[in-house]
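Next come two complexes built around chain A: one with chain B, the other with chain C.
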Partner chain A sequence: MTALLYIFAFLIFPGLLFSGSMGLLVGWIDRKVTARLQWRVGPPWYQNFLDLIKLALYKETLIPSGVSGAMFLGMPVLALTSATLVSTILFLINGSPRTGFIGDVIVVVYLLLIPAVALILGGFASANSLASLGSSREMKLMLSYELPFILALIVVIMKCGCAIRLGDIIMYQRSHGDIFMNPSGGISFFVMLICIQAKLGFVPFDMPEAETEIMAGAYIEYSGKALAIFKLARAVLLFVIPVFLITLYFGGIKLSLDGLVKAMIEYLLILILMIVVKNTNPRVRIDQAMKFFWGVVTVLALLSLALAYLGR
Partner chain B sequence: MISNPILLLIIGPIVSGIICLPLPDRLKGITKSIAGIISAACLAGGIFIFIEKPLVWKYMDQIIFRADNLSSFIGMAMTLFTFLITIFSFGSTDKAFGRYFGYMLITLGASLGALFANNLIIMLIFWGFLALMLYLFINLDQTVCSAKASSKALIIIGGTDVLMLFGIALVSAITGTLSMDKIQIPIAGIMTYVAYFSIASASFAKAGAMPFHSWFPDVAETTSGSFLAYLPTSLDKLLGIYLLARVSLDLFKMTKISNTILLIAGAATIIFAVVLALAQRNYKKLLAYTSISQVGYMIIGIASGTVIGIAGGLFHMLNHVIYKACLFLTSTAVEKKAGTSDLDRLGGLAGAMPITFAACLIASLSICGIPPFNGFVSKWMIYQGIIESADQGGKLWVIWLSAAMFGGALTIACFMKLLHAVFLGRRSEGMSEVKEVGPLMYMPMLILAAICVIFGVFAFKIPIPILILPSIGNSLTYIGTWGSTLAALLILVGIAIGALMYWLFRPGSFRVVDNFVGGADPESLPRVSGMEFYDTITDIKPINRICKQAQSGWLDIYYLSARAIKVLARPLKRLHNGVLPTYLVWCFLGMIAMLLFLSLR
Partner chain C sequence: MGLREFVLTRSINIFHVSSGSCNNCDIEILDALTPRFDLERFGLVLVGSIKHADIMLCTGSCNRLAVPIIKKLYETMPKPGFVVVYGACGCSRGLFKDSYNTLAPLDEIIPVDAYIPGCPPKPEATIAALVKLVGKVRAGKDIRS
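Now for the complex of A and B:
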């Protein structure tokens, strides 16, 4: 019976249906803000839904010849599944922080790796040189942001008295104040924000796709339903990753009116900050990104770690 | 006497191995039958000992062999891997059957001897014997490269064996006994440190941890994958980590300093080895380097000093052997069918070898620590061990945790490159005739891959309570949450929904087309082998230097000690100039010195 409830949570709310729809709506905010920044009108709110339906229902799914079809078509599903799982975990734990559900913060970090791994393998499975290049860039990008990402995460774990259960992290912040409010937490939040920008493949870190250069990279051979599933996975990630940040740095989402309003404002701020960064920066090369992440961003992360050691 | 199951399990395979040795290739049927029957019997024996533990064999009132919770579970794992790899070798071996299977059985017996030995000298004898078996195994092909690799392995492992002998002598001097069950030395004072690290160095060399790792990649390049799956990966790794666990948990009482030294070695092993793995161009060599890197996790787990860390370290040892053996077996399958293990020349074999690919994919995802596979659970436990050590006053846990977690990301990079170079990407030229291997070869791979899944999904129901917890004799409290079964169920539901989406919405709308590269001829673009993927990383300055230094032998203790000996021997070399009067002068001077010494004493 509980298993059925969990399956319901995973498929309907707060899982696939809910976070997928929310992701598409958030994607619309992204498109709209981008359009306004570029002095355009932008699409209507339901545009992303139409795009997805068109891809899934009306477009052919092409498979490159001589590849492993199961691998090629399976990777988008894997990406979507893990993104949905993260969303389910985060929302259920935010709903009742005292009960542990499926995973702690380390599990979530590893589950968040899967969409990137799935994209890389999907690109490799396309047997296309451009896709291989795109995937290899995605891999290198992942290596770049993973180091400061881990360091920033350790700051949170350290601040919460070595707790790794998400519920414990939320409860700690409710009794001791948000981690973001500490100097170390603040710096670590901005480090995390930059890493998230890359995790979502937003400009200036969109070199794995680089439409003008390697024609969408890993996505080049994807079409129809397979592409639709990949797009949905990205939408879920776009929706869920800011929630992850709110959980780590702002004490999660409290189920009360002011709690929800606070979370909503934080969410929109994180989102709009990411969109503005996306629209005001040019794409960097992969080696520049690596040097940036392993240089400046890692130094910042180490600084916040040092502050955390000093108890600040 | 002979009815003692432990003794039988040690002597049985050694005797049958010696019988196999002289059998010529035309009697390969007999050789294979002996190997198959004996390895199956050993597996049964291993399971029997695991169920019936604790067992001992005494001689003159001394416990010589002892099977307790820890050794019996490792013994069972050893017999299982021997059985699976023997079956695999039926399909993969094509010459020197007598010696190959003979060595395999003798190695099993010797490994079990070292594992169950309760007397330190008996353990040392079997341990030394294993170094000889490794040497003989590597020389099976008798090429120039294998001769070089085997002597390097023998010198490094033999050298650390001597260190172990020294350590055992010290232990005996300190405690007055050689029985492991009676030894409990708190590490305090220089002698105990020397004794501990002398014995630990032997376990490092066997398991292939830095700084005694360099024999493994050299051996990997020159020998067959099935041998690599067997000796360096399964038996040696299990034995090495077993010894480390035994000395660190039972024989010695660790201190913060000794744990910190181990942690440094572990963290350095994880990072350096995996960075070197990124640059490899050979299937087996890449696997060897990642194997070294994974040993770092086990060391960190054991050295964390927390119950969950130690449990995680032991579980990671078991998991590592499972997926790495599987990976080495896939390398053998690919090498047998494609004729090369050079990553530049392989490519696009997923369609031609789907079963091998599936096994390799599962094992790769396991080693990368992707949930819900087994590698994730043990890494997750080790991370918790590190974090928990902070509560016990550990200050440097941040370094160990970030090294371990970042090492995980680098491992993913290595295996993405491997999967691309061998199975994915465009099919390379000359690979159009490649076919899948037969069931004798793919069944062991599939069984190992299945164990990866089962040990991951049912980690808290099967391996941890049955195998790991009894060996550490303590109950576990997790500081984190991982509902592996529920997560696996939801992932399965997700995949089923995905499949349904493909099938439901307008079935038949799939079309197979040629690659699209912007309208140009896809063949006109050069094939991407994947070898250049990480040039961006290895071009970055400090990493660049590490790679260059590593290539010139900077991280290789064999090369370093050879150079040190050369430098030290230079003045002595000059004295040997072959001129008789010089030698006479030295003799004369020596006599004067001796006379002076004796008269002035």
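Now for the complex of A and C:
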């Protein structure tokens, strides 16, 4: 019975169907706000669904010759599976904070890493020089943003009395107030915000798939269903990463009317902030990004860590 | 019009091929995406890889070196895919008609679905051609692909 429930959770409600369609909708918000910022009208709300249906049902899926098909086609599925698992775990724990297991924060961090790893492997597997270039850039970017990301996460864990269960983090914030309100929490939230900008591959950190220089990077050889699955994985990530931030810094999603409204407002604020940053910045080079993440951002993260150690 | 025709005509990814154009056509293509015309309203975006494309938009005079590349690109495009030729150069070789280096216009190299004449064509002409192509697909006349 519980197994069936979990399968339902993975496939339908907080999992694939729900987070996938929410992700496509959020992707539309991204496109629409971008269009409005550029004084355009922008596509209708169902545009991303049409794109996905077209790729999944009506286009050919090509596999380049001399490529390991299992690797090439398996990577999108891996990315989608882990993104969906993150969404399932986060929503189940937000629904009932007492469930979950010890160390699920760490599991979520690793699962959030897997789509990037899958993209890297898929790019290398597609036997295309531009794709390998995109993959190598993605790898360097991953190395650079993971350090401040984990440091910022440690701040949250320290503030919650070394809780490494998401449920404990949520419960702590419900009794002691949101972590975002502390000085250390505020700083680490902004560090996290910059890191997820890179995690989602948004400008200024979109050099792994720079359309104008390396032609979509690691995605270049993907077509049809494989590309559709990658796009869906991206959409799920776009939906789920702000939810992760809300869970860590704003006490999660309470299952009451005002709790849901609060979560929605926080979600939209985070999203719009990311989109505005995306639209008002040029792309940086990979070495600049590495310097930025290992320099300024890491120093900020260490500062907030020190503050958290002093109990602020 | 079934779901297939609707989806294919409302989500169009364009890949832009330049085979020896003077760069004027290429700039005019981008004009159609600017706020004044905003083709993204109809789900039309430029993509960087031929494998993501539905339409191959060809500019330029198809010179000798470019011909094998154009053929290869056409073969790699996932089907159903369409070819639109943009500008006088591609349609008829334009002012390079008697050049030693341009052997044939594009429609003698690969099958072409729509022509956009002009040197360079206006964005209105681009939109008109795309509307015609959409009408063709919606009427079910895309059997070749």
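Here is the rule we use: the second predicted complex is superposed on the first by the 309 of 312 C-alpha atoms of A that agree within 3 Å, B and C clash if a C-alpha of one lies under 4 Å from a C-alpha of the other, contacts with A are read in each partner's own complex, and residues count from 1 in each chain.
Going forward, a contact is a pair of C-beta atoms (placed from the backbone, for glycine too) under 8 Å apart; a residue touches a chain by one contact, two chains touch by 3 or more.
Note that the structure is predicted; figures quoted are calculated from it, not measured.
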Touching partner for A:A216 - first (chain B), second (chain C), both, neither: second
Which of chain B and chain C A:K140 touches, first, second, both or neither: first
Which of chain B and chain C A:L11 touches, first, second, both or neither: first
Contacts of A:L78 with chain B and chain C, given as first, second, both or neither: first
Which of chain B and chain C A:D51 touches, first, second, both or neither: second
Touching partner for A:G224 - first (chain B), second (chain C), both, neither: both
Touched partner set for A:V41, first chain B, second chain C, both or neither: second
Chain B or chain C, by number of chain A residues touched: B
Shared chain A surface residues [contacts with chain B and with chain C]: 57, 60-62, 215, 220-221, 224
Contact footprint of chain C on chain A as seen in their complex: 31, 35, 38-44, 47, 50-51, 53-54, 57-62, 211-212, 215-216, 219-224, 227
Interfacial residue positions of chain B with respect to chain A in the complex: 348, 350-351, 354, 357, 361, 365, 368-371, 376, 380, 383-384, 387-388, 390-391, 398, 401-402, 405-406, 409-410, 412-413, 416-417, 419-420, 423-427, 479-483, 486-487, 489-491, 493-495, 497-499, 501-502, 505-506, 509-518, 522, 525-528, 530, 533-534, 536-537, 539-540
Chain C to chain A touching residues, read off their complex: 3-4, 6-8, 10-11, 35, 38, 40-43, 47-49, 51-52, 54, 76, 78-80
Contacting residues of chain A [partner chain B, same complex]: 3, 6-7, 10-11, 16, 56-57, 60-68, 71, 73-74, 76-78, 80-82, 84-85, 88, 100-107, 109-111, 113-114, 117, 120-121, 124-130, 132-133, 135-136, 139-140, 142-143, 146-147, 150-151, 154, 157-158, 162-165, 215, 220-221, 224-225, 229, 286-287, 290-291, 294, 305
